[in-house]
């Protein structure tokens, strides 16, 4: 079995080598915790250093906006043009249409959106296989898909993600909350928390923590997450 | 009357020997507290050391995923292949179909799911008796069964569990909360809390505590839960 | 007027002698605070030492389970076989059927359950009078009776309890909460709080406190509740 | 204009002499804070020392229970038999029936309960005038009257109380909460808070505080409330 | 442009001179914080010292009750009989009837109450112009008017207040809450918070603070509010 | 790509130069945190110093009220009469009518308000192009537009804002809350928090913080926000 590195210096050691192949991993944190950058970082470095093929589904931004942002962070999308494909909302709709041709009656956009996304990814998986998948983000997926019965829809969606046979990262826009449990937390195989903590009156630090990773004897400790010169680092320094 | 050990070093002493036969025990804690591993640990060691037969019902993962995870924890499922049976969602559906033959009209999966699970376990109990049962987990059971009247359905489900005449462990994905009482807490004969506590800025410790165990004069104190070299230990070290 | 002792060493002094005859007293606390044991302790000692007749209605467990638990606590049900009757759910249903014969049409179990319980206790009161009543527990009563209008049903139920002319103890599975008031708290004549408090990182202590006792000039202070060698004790030791 | 003393030693000074005639005053606190005793204390002492006539409407208990409780507190109802009338639920229903004779069709108990209470008190006011009124308690009134639109019903009820031209005390079973405002708090002319506070691990003290008293320049400070030898005292001692 | 002083010694300096003409200002605080007295104080002193005409709409009390209360505070309504008019609920209803004569069919009290109030104030404004308006209080207005869509009704009501071309003070019975925003807070041009704070075990202090005042460079600091010998003072003394 | 300065001294350095062109930025804070002044400050200084054209949509106040307020803050609207246009509710309605002429049947104000606003801004964008847009404020927009499905309407509205090809600032009247995530927080490209913090018993300080800014490596630290002599400054002084 293969393990995928996060390419966060110091954090792969915490995970005992990386994330087991086939896992569905939640990247959970409030806005501003660099979730998208971390997720793209995983795809980018796995592509550049290991030749791993990835798909990044961005529902929050358009593809140009995401790629501008990543280039500014030092992760040049041009260097992984062949291995990391970025898919945004408009591309997904178009992709499904192209793939299935004109035989279909009615516009695909009027089909349940979750089915459109699943069909698109299944199509891609067949024609251009990939190993890593990022879905950014879960709440926007919920908004678009108009989930009514959140619990049961999430249960089936996470089941479908596992059945895709890729290793996937689901970005969740929530404040990791130690006093309650969200459904996605126990449905996922792994949960990585990204937070911001105020230290004293002025300083705010980013933190990273592996809450859960099935099949991995990981530390549950909290690390400071730094981003400098295009690389993430997890340190014990406060 | 028989008492079952948890095989958590130091914790069986807290319980005054173990868990009384026939009890329904809640294993309660948030994701990442090693509830599944602890539950499997109880079945595995009772099987290896005492020849006790167990059934592990996993609704959160498929059987291969659970067995991979347990093997990685040092609890080799191969060593208890004859005594500990792992049942996942697909197996339960199939089991019911095989057992009851083709005489039945309509697919069993369309029957109320809770009844399917009960029928499956009652069938197993008759044909291949067992002594210990793990149900992992209660919230996924709720999702699948679509409980509408949670309180009364839980009341009857826990009553049915007691009537099975096995000792059962129900995994619950909740943050043990000292400021409110959940229905399952008073419906169960015993409640074991698993938590994570942040100590200082960096360190996170796992804790174990016996909140309640009918018929046992147990300590209510809180212990640090360690897992090392394939064995759990409860210690007073912070 | 008669006063009933709780037989909690040190606590009867706090109450200035005991609980006034005819009171409806709430025993309120979360799971694991020994509410059932304390309630049975009151019946058991009043029976053994004063010959007082009691009825213990257990809705959470079957009678054998409760009696096993009490025997393990050093309160042998065999010693009070004639004076303390334990009634569980199945017995209550049967009792009502026997009592009223076959003349009635339709199964009694299909009548509103609260009426069944009331009829059963009124029947018992007439044929085999008793002085002390324990109802264990209020939330299970709520589950079974399917209370829709909780406030008004509780109001009438507590009124009915007072009209029974026995001294009654109602076990309530709640965390005594200093920031809100529950209806049962002001409907009862007395409220005794049982809690668990964490002291430091490791230790958890049980506490007892008389919140309210009409007609008694009691202390409102908090005491540590200990159970050792079959007897409860309230002490000021932390 | 007349001012009524509370006969809580040290507290009448806080109020600058007492409560202005005609005010509607809320006595607000959780169970166990001696609200009923304090309210009865006001009626009892005003009757004994000033010959003031009072009516105590108790909805939480029967009259014998309340009078037993007050006698035990050293406030002998026998001494004010002519001046303080205690009215409980059954008496109020009967009173209305007697007063209005048999001419009325249908049972009065089936009329809206709030109207029954109002009619009863208006009748009493005409035939046997009184100056002080206690209504114990507001939440039980709400339960019995089945208030649907609480806000507007309370608004009109407090308006009706003011129109009665007596000085009234309304007992409210709530935890005085500094983080939210209840409708009754601004509808009343005065609010007196009764609370219990835990000091350290063991001790619980009763507190009294005048939150609001229209037309009185009172202190808003918090005092310890003691009850000893039949008398209340407010002190600054902790 | 004119600025109105609050006549709270030390606080007009905080405001840099006073409240800009035409503003709608919220006076926000829980019961007992002297909101009514402060509002009347503004009208009274502006009348006595500057000859400014004011209208005080009291929905919580009758006019005699308010005037008794103000007289007791040292703000004699007799001294401003010609300049400050107090309007209570009954007067408002009557006013509208008188003003519009008998031509109207049906009782005005059955019209939407908010429209009645608006019509009454618009009538007054035309026949006897005024410059300052107090509305005491917003929650009682809500109760009487039976606001269903609070947000949108408040939006239009505050807009109507601004269109009246007077400077108005709206009394709001809420605990100023730093963790949430109420609609009236951003709809108003200014917000003055009145609070009570417990200092230590015994003492409770009143506080005043200008949260917001459009067009004024005010301090956001918190001051102690004292009332002595008929005058308010804001000080930095704790 | 262009970056717009905020003209908050010391804060543009925190942002590494400014806000990327085309971003939708949330200005989030409770009443009294100078959000409107800060937003206008950005438009005003960009106009005066760089000749950038801006539109300020004020839904909370009328245009005269806003301009009076800004003039008092030292930001004279007269100096930017040609470059910064202020639009209030009445002007927006009128604008749409003028623009589209009389051909339309029915009053535009009865059309969904959100569509009216969008049409108005699209019209303006075509006839008199602008680069910066302030929308003050989001909650009033919600009130007027009567958003029923807030999540999905916000998602589309933010998408529409991005499609306008201007850099926009949306004022949000909320207390920045570190324990929950609002939809607008992850829909926006940037989030700037404005807060007030009480320091000690008396002092209240304004704070500013960049929570999130896509494509910018900004500090997440907290700064004190001062406004003096017509200019904002972010400092590390407490």
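Think of it as A, B, C, D, E and F in the order they're written, each chain with its own count starting at 1.
We take it that a residue touches a chain if its C-beta (ideal position, glycine included) is under 8 Å from a C-beta of that chain, and two chains touch if they have at least 3 such contacts.
Predicted model, so just to flag it, every value in this text is computed and none were measured.
Student: How would the chain A/chain F interface be labelled, same or different, where same requires over half of its residue numbers to be shared?
Tutor: Looking at both copies, the contact residues mostly diverge.
Student: I'd like the angle of the rotation relating chain A and chain D after CA superposition, in degrees, nearest 5.
Tutor: So the copies are related by a turn of 180 degrees.
Student: Tell me, please, which chain's centre (mean of its C-alpha atoms) is farthest from the centre of chain D?
Tutor: A
Student: Compute the distance, rounded to whole Å, between the mean C-alpha positions of chain A and chain E.
Tutor: 53
Student: Taking each chain's centre as the mean position of its Cα atoms, how many Å separate chain C from chain F?
Tutor: Taking the average C-alpha coordinate of chain C and of chain F, the gap between them is 62 Å.
Student: Round to the nearest whole Å and give the separation of the Cα centres of chain D and chain E.
Tutor: 31
Student: What sequence of chains forms the ring when you start at chain C and head for chain D?
Tutor: In ring order from chain C, with chain D immediately after, the list is C, D, E, F, A, B.
Student: Using the touch rule from the top, collect the residues of chain F that touch chain A in their complex.
Tutor: 1, 20, 151-152, 155, 162, 178-181, 183, 185-189, 191, 209, 211-212, 214-217, 219-223, 236, 238
Student: For chain A, which residues are in contact with chain F within the complex?
Tutor: Per the stated touch rule, the residues are 30-32, 60-62, 65, 68-69, 72-73, 137, 139-140, 142-144, 146, 173-175, 177, 196, 198, 201-206, 227.
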